[in-house]
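In this document, chain identifiers A, B, C and D correspond to the written order of the chains, with residue numbering beginning at 1 in each.
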Amino acid sequence: MSHKRSDISIYVTVYVVLLVLLALTVEAARHDLGHWNFAVTMAIAGAKAVCIGLFFMHLRTSTPLVKLVVTASLLWIAILFSLSLADYWTRDWDSLVGGSRDVSRSDAAQ
Amino acid sequence: MIDDGFRLLPEQASTHAPHVDLLYFCLIALSVFFTVLISALIVYFSIKYRRGNTKVDRTPGSGHSLMLEITWMVIPFVLSMGIFAWGSSLYFSGYRPPAGAMEIRVVAKQWMWKFQHPDGRREINTLHVPMGQPVKVTMISEDVIHSFYVPAFRVKRDVLPGSYASCWFEATRTGEFHLFCAEYCGTNHSRMVGKIVVMEPSEYADWLGGGTSKEPPAVAGERLFEELRCGTCHRPGGATGRCPPLAGLFGHEVKLTGGTTVMADENYLRESILRPSAKVVAGFQSLMPSYDGQVDEEQLIQLITYIKSMAKP
Amino acid sequence: MSDETQAAQLSPLAHQFDDLAQQNEADDLGMWLFLCTELMFFGGLFLAYTIYRTRDEATFAAASRELELLWGTVNTAVLLTSSLTMALAVHAAETRHRQKLIVFLFVTMLLGCAFVSIKFMEYYHKYLHGLMPLLGLPFKWDGTSPGHAEMFFDLYFVMTGVHALHMLIGLGIMLVLLVQATRGRLLGGFSGPVRVTGLYWHFVDLVWVFLFPLLYLIGAR
Amino acid sequence: MTALIETGSMKMPDLGPLSKRNYLNSGYTVRSWLLTTDHKRIALLYLMSITFFFVLGGAAATLVRLDLMTPQADLVQSETFNKLFTAHGVIMVFFFLVPSIPAVLGNFLVPLMVGARDLAFPRLNLLSWYIYMLGGLFTLYALLAGGVDTGWTFYAPYSSTYSNTYVMATAVGIFITGFSSILTGLNFIVTIHKMRAPGLTWFRLPLFIWSIYATSIIMVLGTPVLAITLLLVGLERILGLGIFDPRLGGDPILFQHLFWFYSHPAVYIMILPSMGVISEIIPCYCRKRPFGYAFIGFSSFAIAVFSFLVWGHHLFVSGQSIYAGMVFSMLSYLVAIPSAVKVFNWTASLHKGSISFDTPMLYALGFVGLFTMGGLTGLFVAALAVDVHVHDTYFIVAHFHYIMVGGAVMGYLGGIHFWWPKMTGRLYPEGWARLSAILIFIGFNLTFFPQYILGYLGMPRRYHIYPPEFQVLNVMSSAGASILGVGYFFPLTYLVWSLYYGKRASANPWRATGLEWQTPSPPPTENFAETPIVLDEAYDYKRMDGQLAEGGTA
């Protein structure tokens, strides 16, 4: 075995932590925190993911290679998101699609 | 007539075309240089170091050279960044219409082009434009993606369903030029062609004058505005407070509920007519019903043109 | 040849490997790489979700409130529990506890079935409420921007549907494992398949950990 | 057992009875082929299947080029024409080019080159082939039932809503085949990491392995995004989802983002393995270690990583934000650097070599030339303003054929010739092979060079009828295609002929380095009598030639 056998007690502890996090995130959703709702809920999801990855999936004791694989896949997801959103979040910047201000001024003058 | 003789380069018929061609020629020079360099080296080495040639010095070198590697990494990098900057600046100017451009409305559908001139005159598959006048085409598709492509102008832009796309050109020569649909759009894709007829401005004016009865889109839009009873709310002096003012709206930033701002461009107006609650102006409630399905693409264009024509009171 | 075949049955080591450590590392690496592809697969869906949600956050929040938070929470708890039992099953296999392995695998499967059943029950409720914009079914939406709300439900059904499909595949694999476990296999050096299935199951759980807040919790209630 | 096989000493092992028993004659039943887990046999299964698809895709291309001889539609209807170019694209991209070198040469060579008995997951490897065939059957069904007319790019909303052809079956076929690609890549990565022979460190690996590894990264990380994209298109057709449908509030450009996130790197799935093949061939026929080994190796990785950063250059005119266009344009130029590194290093490898011009070397030199041209025209299409003009024209068609045919196929054929003796135990007829290599080079240039001019003149791609002034160049292109066709026909014939009448090959007919040459031709089922131990650098031709000087050439 490449990794040490995690003790059953660790599994149970992690499970309890996960349930607590679940309760927290549901509770947080009952309050209107504005934009913070999304941030809080995603932070809790991230924490849950880290728990599952490190302990249930034994990333804590995995070989460096497996850790590299995980890092790489997260990096690639980041590439997919950042470059796609680079398009979506800048589409409104250019008024060329709808006509620039200059054009509208000339229209108004007509 | 479209010039159909054999040629190696398309005609240059817009202000943009010579700029693109210059970049193209530089790229060709660069490519020829590197192709010749590589080929010459291969041929030279192949002859000099051919198996049978025993008189040549084959004392092995180190097998690698950091200096050489850096050289042939840095040179392509610098060259390509230069091309990038050049290409980008042209791209910007190629898609940014200058002030005072004449606006042509285009609706594309399988497999035809429908044009409407600012004075309301309509054409199908043929577009007459005056020479020496910047022309901005604002385009939308009724079905799939098409692409507006005039090789002689070096201009191309995909025509999307659901949102407006635009490009512009200023013709520098009179004559007829190909218009192609460049994005594959189904069975008769290759028949979705037309022509651009560039005329002297005076001829163009004559041509416009000779058309049949027509109604400028802004006027048609105003009529539609009444028919759809938009004026009940959207009228200066109407039910104030229920809706944001339309006059002078176009081309300005609008504050939305939620704190974000949006540019009031044509896509914004289109969305606000079809899906009014998508972007609600700050300080107002979402009361307006959707007009999705009640107006077609051409009517939408007319409404938007009318809204654009409303000057600030 | 026959010697090799016999040896292959007696030894957990496949012929192409030199030793068990190499084989285990290869198995783990293989599964992790597969999970990489799964992540990219779901990544496309999450990207679509992100783009359409940023376009109209308010409508997405409103549409999210139509989902049944109670059942979503229950399902999350069910899935987290199944992850625990799966981890315990892997532990049992590695420590050669046949009985425990069978029990934990079975419980994991039960929980998995419970999750999928609840999911389908929710689908049925959506259908009853006219919130299933699929197959040309009518979409009833009183709020603003029905188009964007419809997009939310499109994404809801695709994302949870693809996730549920992964659950079903996992359940199928576990069924095979369960049969093998009852025959006394998959213990000790032979526990590779259980370990690898465990990784897969936890990954499916991980995806849900993100789906749950993105679908159920974005609209403060 | 005989003494250890060492790469350094290059002693031919005493073959003894082993040479009589090899992977080809270890069983003759259909079952022994269809249920084999031997990577070498699976490689041959792939070889046969992709050759079948290549012929099919080639036939479609022939009809397309024939029809384009005249500006009118006189051979087929537009509907058929559209189905033909779609069939050509789908088959060539997904069923020939993507699996070509990885699944045939990679499958055969990766375990041999790393000194392993098999891939890490032999049964998964066989499963990959079955998945590939299943996907192929779906696609064949779609073609036979009536064809599909969306183009290989499946742009929404045409594919998701408007096309009335067999889009579903084709999409399912490609979706399934994608998993074959994923599993093959996964298998290679694990094998290269975990199964290398003792002493075979990363920097002793053949460059082919480096490039296959880089290819596998793309397969594993890119293919699933294509899978989800096609799945969404399929669901739009079946369930009426609207993710890409503007009528339902979807964005068709999102389809293009997701599609090209895979399909741009896919081009590198095709070209990277070819680069690996070239990096094996050139040292062998120059009798020296390649110049800048580490740079060639790392440039493969650089290409694999950069390939994921550039997909937006397919969207310059699509309505993507112009700022994103600029980002993608700049990133696209990054790929030029590792590509230039490779070309310059290969060229420098010739320096002070002892060059002979056997068939594989002819393909390799042809590759370098054509790839250089294809790569340089990449600078044109990455330049935003020029791309606006040439996007979706024959310029693009010419550009990617220079990479995918001039590059990938030349590399594939070079590799097939180079390792043919190892795979079959027979030598191919050298004269015919040289002739066809030259024919292919000439035919290729005649076919595709005119298309650059045609494209800049403005002829859009996927045009069935076209303005008459484009005819001369189209006829030139079609004429070149006929030469190219003949060039492809020859190897198909003489390679089959050589199976029966070719001269028997020795274990190492080219006196090449590398572990695969130190086992008999064809290799035994278990690859090596004893696990090899590697003590030296790769490509130690000096030592090889020094040792063989006394015994004469093989």
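Assume a residue touches a chain if its C-beta (ideal position, glycine included) is under 8 Å from a C-beta of that chain, and two chains touch if they have at least 3 such contacts.
It should be emphasised that the depicted structure is a prediction, and the values quoted were computed from it without experimental measurement.
Participant: Farthest from subunit C in C-alpha centre terms, which chain would that be?
Facilitator: B
Participant: Counting C-beta pairs in contact, which comes out ahead: B-C or C-D?
Facilitator: Result of the comparison of C-D and B-C: C-D.
Participant: Of all the chains, which has the CA centre nearest the overall CA centre?
Facilitator: Chain nearest the overall C-alpha centroid, as shown: D.
Participant: Indicate the whole-number Å distance between the mean C-alpha point of subunit B and the mean C-alpha point of subunit D.
Facilitator: 36
Participant: Taking each chain's centre as the mean position of its Cα atoms, how many Å separate subunit B from subunit C?
Facilitator: 45
Participant: At what distance in angstrom does the C-alpha mean of subunit C lie from that of subunit A?
Facilitator: Centre separation, subunit A to subunit C: 18 Å.
Participant: Which subunit B residues reach two or more other chains?
Facilitator: 95, 163, 165, 275
Participant: Could you say which residues in subunit A touch two or more other chains, in rising order?
Facilitator: 65, 72-73, 76, 80, 84, 88, 94, 96-97
Participant: By residue number and range, which residues of subunit D touch two or more other chains?
Facilitator: Residues 193, 221, 225, 249, 251, 253-254, 257, 261, 319, 322 of subunit D each touch two or more of the other chains.
Participant: Of all residues in subunit B, which touch subunit C in the complex?
Facilitator: Residues 257-258, 275-278, 280, 286, 290, 292 of subunit B touch subunit C in their complex.
Participant: In the complex formed with subunit A, which residues of subunit D make contact?
Facilitator: Within the complex, subunit D touches subunit A at residues 193, 217, 221, 225, 253-254, 257, 261, 308-309, 311-312, 315, 319-324, 327-328.
Participant: Name, in rising order, each residue of subunit C that touches subunit B in their complex.
Facilitator: 55-59, 143-148
Participant: So in the complex, the part of subunit C that touches subunit D is made up of which residues?
Facilitator: Touching subunit D from subunit C are residues 14-18, 22, 25-26, 29-30, 33-34, 36-38, 40-45, 47-48, 51-52, 133-136, 147-148, 150-151, 154-155, 157-158, 162.
Participant: State the interface residues of subunit C toward subunit A in the complex, per the touch definition above.
Facilitator: Against subunit A, the touching part of subunit C is residues 21, 24-25, 28-29, 32-33, 35-36, 39-40, 43-44, 46-47, 50-51, 54, 69, 73, 76-77, 80-81, 83-84, 86-88, 91, 94-95, 198-199, 202-203, 205-206, 209-210, 212-213, 216-221.
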